[in-house]
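Next come two complexes, and both contain chain A; in the first it sits with chain B, in the second with chain C.
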Partner chain A sequence: MTELLRTLFVSTPGTSLHLEGDTIRIHHPERPGRHIQPLIRIDQLVVWRGVDVSDELMLRCLADDRGITWLSRNGRFLGRAGGAQLGNPLLRLEQVRAYDDAARRLTIAKSVVAGKLQNYRQLLLRIARDADGARQSDIRAIAERHAEALIAVASCGSLTELLGIEGNAARAYFEGIPLLAKGVPPGRSRRPPENPFNCVLSFCYTMLKVSVIGALEHRGLDPYIGYLHGVRPGKPSLALDLMEELRPLLVDRLVLTLFNRRRITAAHTRSDPAGGVALTDEGRAVVLTEWSQARERAWRHSGLNRDVPAALLPIVQTRLFARHLRGDEPAYTPWIAS
Partner chain B sequence: MDRELTMELLVTYDVDTTTPDGARRLRRVAKVCEAYGLRVQKSVFEIVCSDVDWMIMKKRLLDVIDGDQDSIRVYQMNAGALGRAQHLGRSPEAPHGAPLIY
Partner chain C sequence: MDESAAEQEWASIPISAIEHFGYCPRQAALIHLDRYFADNVDTQRGHFAHEVVDAGGPGVSRTGVRTWTALEVSDTTLGVHGICDVVEFPDGQPIPVEHKSGSYRPGSAADLQVAAQVICLRGMFSADVPHGVIFAGRQRRRHEVVVDDALQARLRDVVARLRAVLRAGSLPPPVNDRRCDRCSLKEGCMPDARIDASSLFVPLPLGRWDD
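Presenting the complex of A and B:
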């Protein structure tokens, strides 16, 4: 098991990162003093456009297998450097074979959707426990929709049907958002997100995507060949597949809490002329702080019979997925919170 | 098995700097310590690491120092002791578990 290391997030434009001995020196012209962090404690760097990573630091990170991810100012995934391509070519071939085999493809897609539905159901039931009256029964009704969808998944015979089941459950969930977070309008909007809630949600999904893509590349899998999400240029389908089961409890739960506890307020976001909503610098710092802390929380993993920190769940699930592709496990078992 | 970050160490050192060679050793000791932990005073580091990290670090320190003139003392702390440290005056708080956001 990999040790729990941390992510260095650098979003302030004008910052430059340098290698100094075995440390990263973080330099910004307006911040006096020498800011260094031991490299040994950092397992990946996430930098926004406008941050300069020195060649020496980049090469050292590649040599040590420490991924660097670049994001646009709006938090779009731009790219990632992760050293020489690792892993087993036989595994990659198997990944493609599973894609070409309609039955295998559907089975994997079903596992992924089942994991997602089950974890959303868990999330809803947990919130319902602390609610009362009509609100409680309304939330339970949405959870019931997810339970029914789970049963439908088991017997569904095609990918189109599966996507329909998943889409309906997701719609019910997002229509019910005002029940879960007070004052938040219903519905999901993205590219661009039209309200602060959707903006923070998208931002955190990107953070999750960064760690899933990192875990997949590290294992030697191709993040762009997925099963549920289909294959399209520039679409990291496999990462999106594996994110499904992680979203409800690692992202949605956190974002709901941020809004319910008013950690994020209107001042943390701003609207742009095109009607989209984006995080301010301060808002981004708040969300990243909460995200970093949530990554350290341990979750029960019933398959491994031990607690796993959120930060390692993408790595653990990627390994289980590779095991299934290689034929060591008959099915891919998604992570389900118990 | 797991390489967990279970060790909390307080490392203090005293390197003889009367000679140019000593000054060089001082810089090297500081460099090694910087690679593993956070500096809280001029020659005091707080380190959270795995036992493997500590073995490697110890080897690196022994390679640098002159055993006749320099002294390094390492205190192994109880888990969480570094987080509970109090500080007076201008010594900085070492944010061991804090998110790394710049």
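Presenting the complex of A and C:
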């Protein structure tokens, strides 16, 4: 029985983590008392630069297949330790063969985009249901664009064409952001994010990326060889592929809620002179608390005919993906909210 | 696939896979091909029961018999290798004792597992080894398993079928029956998954998911 385990996020600089029996002892000079977390309830550690992980704790985590991910102060992915290489190397060969085969590559990329479009449409239709007047019809119009894009994807014959369809749908969505979150400017900006909304969005995408990379490595797949996102050094393309279907409801919906409920305010972010926006320490703590709660929420999985917590969806989908690669399933079926 | 790495790899197969295969061929493939494993109450009980015998090395049993725990054995003719929980040497002759946390059922895959150990020990010690022993933790009883021609023939057949599954490199279909209820790998095996890609590109109406 797989238990829903927690990710331990530690971002405060100066914190050190130690192994104490079967627990993690969290120490910070300015935080008195003994703080421990049982290892058995934790599936992975995500630590920001400036947090010290003791050798003994690291080795214990590696022995137990408990991944450790390091992020920069700005939340950029620095690296991950995951113990011995897991999974079946034959699967990785098959992963490369599928990449080299243009038809297989396109088929997988199409599934990935379809999953993304379906779930963005779910998100839009859900928000439209509670909206009224012009706002409702405007949101439904974007959902309609996604429906048309889906139909175009079905008959699309090349990766370039597919990327075009996907790009247009994404643009329509991000232009419509003010309809979905009051007072948030339209458009998507990254590197750096130019407003708090995009900043929190990027931060949560990184959190999702960490869990998808973890799931892929755990399954023995190479996160850097993807199909829609291709292969580029330093780009975890397969993780980005599998994130597409998960982004709308696991990240976007959460971030929209955070802004609509004013859980994130101006005090949680700060701008630099070049116009980039970053989370403050307090803002990061708020987002991580909400993210951790959202990970526990159960979602219906129609393929498995049962509920799956958000935190386990990357693992479940990675398994289904591996099965398709190996020929055990004729297609890769993304998770679609139902 | 002709002479691939996978085929050479399975020239020798782990004895533990025999019992997994006996329970469910897909379980054996998930553990030994996919390197997937998960624990449940039954497997945890097994781990605890094994703590003593996993230590490895020489010892003396309560009845004064010389023993060796966690002994690595193999047989190239049958093409198997594994670890015997305990090997006892009552008269200098080895007898494998396989520890099971549950009850013993005659004719089950455990018989095949201990038979494979007997075959290994016969070759490695040039000894007769007429039988092996299964210690059933639930009843705290020892059961003798005589390794005769019939059991050896069954073992050879199972090893050949298991090797074919491992060499094929793909998962056998799920059994999806009562075995799944007690299987610790159910979560990752997903025996009842219905993969339906037919509606993937059809714009779906708003689902029933809610906040």
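Operating definition for what follows: the second predicted complex is superposed on the first by the 337 of 338 C-alpha atoms of A that agree within 3 Å, B and C clash if a C-alpha of one lies under 4 Å from a C-alpha of the other, contacts with A are read in each partner's own complex, and residues count from 1 in each chain.
Criterion: contacts are C-beta pairs under 8 Å (C-beta built on N, C-alpha and C of every residue); 3 or more make two chains touch, one makes a residue touch a chain.
All values reported here derive from a predicted model rather than from experimental measurement.
**Q** Touching A:Arg60, do we find chain B (first), chain C (second), both, or neither?
**A** Neither: A:Arg60 stays clear of chain B and chain C.
**Q** May I ask you to name which of chain B and chain C touches more residues of chain A?
**A** Result: the larger residue contact count on chain A belongs to C.
**Q** Counting only touches as set out at the top, which of chain B and chain C does A:Leu150 meet: first, second, both, neither?
**A** second
**Q** In the overlay, answer first, second, both or neither for which of chain B and chain C A:His18 touches.
**A** Touch status of A:His18: no partner.
**Q** A:Val10 in the overlay: touching chain B, chain C, both, or neither? Say first, second, both or neither.
**A** Only chain B; A:Val10 stays clear of chain C.
**Q** Contacts for A:Ala285 in the overlay, against chain B (first) and chain C (second): which applies, first, second, both or neither?
**A** first
**Q** I'd like to know which partner A:Ala331 touches here: chain B for first, chain C for second, both or neither.
**A** second
**Q** Hey, what residues of chain A end up touching chain B and chain C alike?
**A** Common to the two interfaces on chain A: residues 1-2.
**Q** Which bits of chain A are touching chain C when the two form their complex?
**A** 1-2, 86-91, 110-111, 114-115, 118, 121-122, 125-126, 129, 146-147, 150-151, 153-154, 220, 249, 299-300, 302-305, 316, 319-320, 322-323, 326-334, 336-338
**Q** For the complex, which residues does chain B have touching chain A?
**A** 1-5, 31, 34-38, 48-50, 53, 97, 99-102
**Q** Where on chain C is chain A touching in the complex?
**A** So the residues of chain C in touch with chain A come to 5-6, 33-35, 38, 40, 169-171, 184, 187-188, 190, 192-197, 200-209.
**Q** Taking the touch rule as given, give the residues of chain A at its contact with chain B in the complex, in rising order.
**A** These residues of chain A touch chain B: 1-4, 6-12, 15, 21-23, 26, 28, 35-42, 285, 288-289, 291-293, 296.
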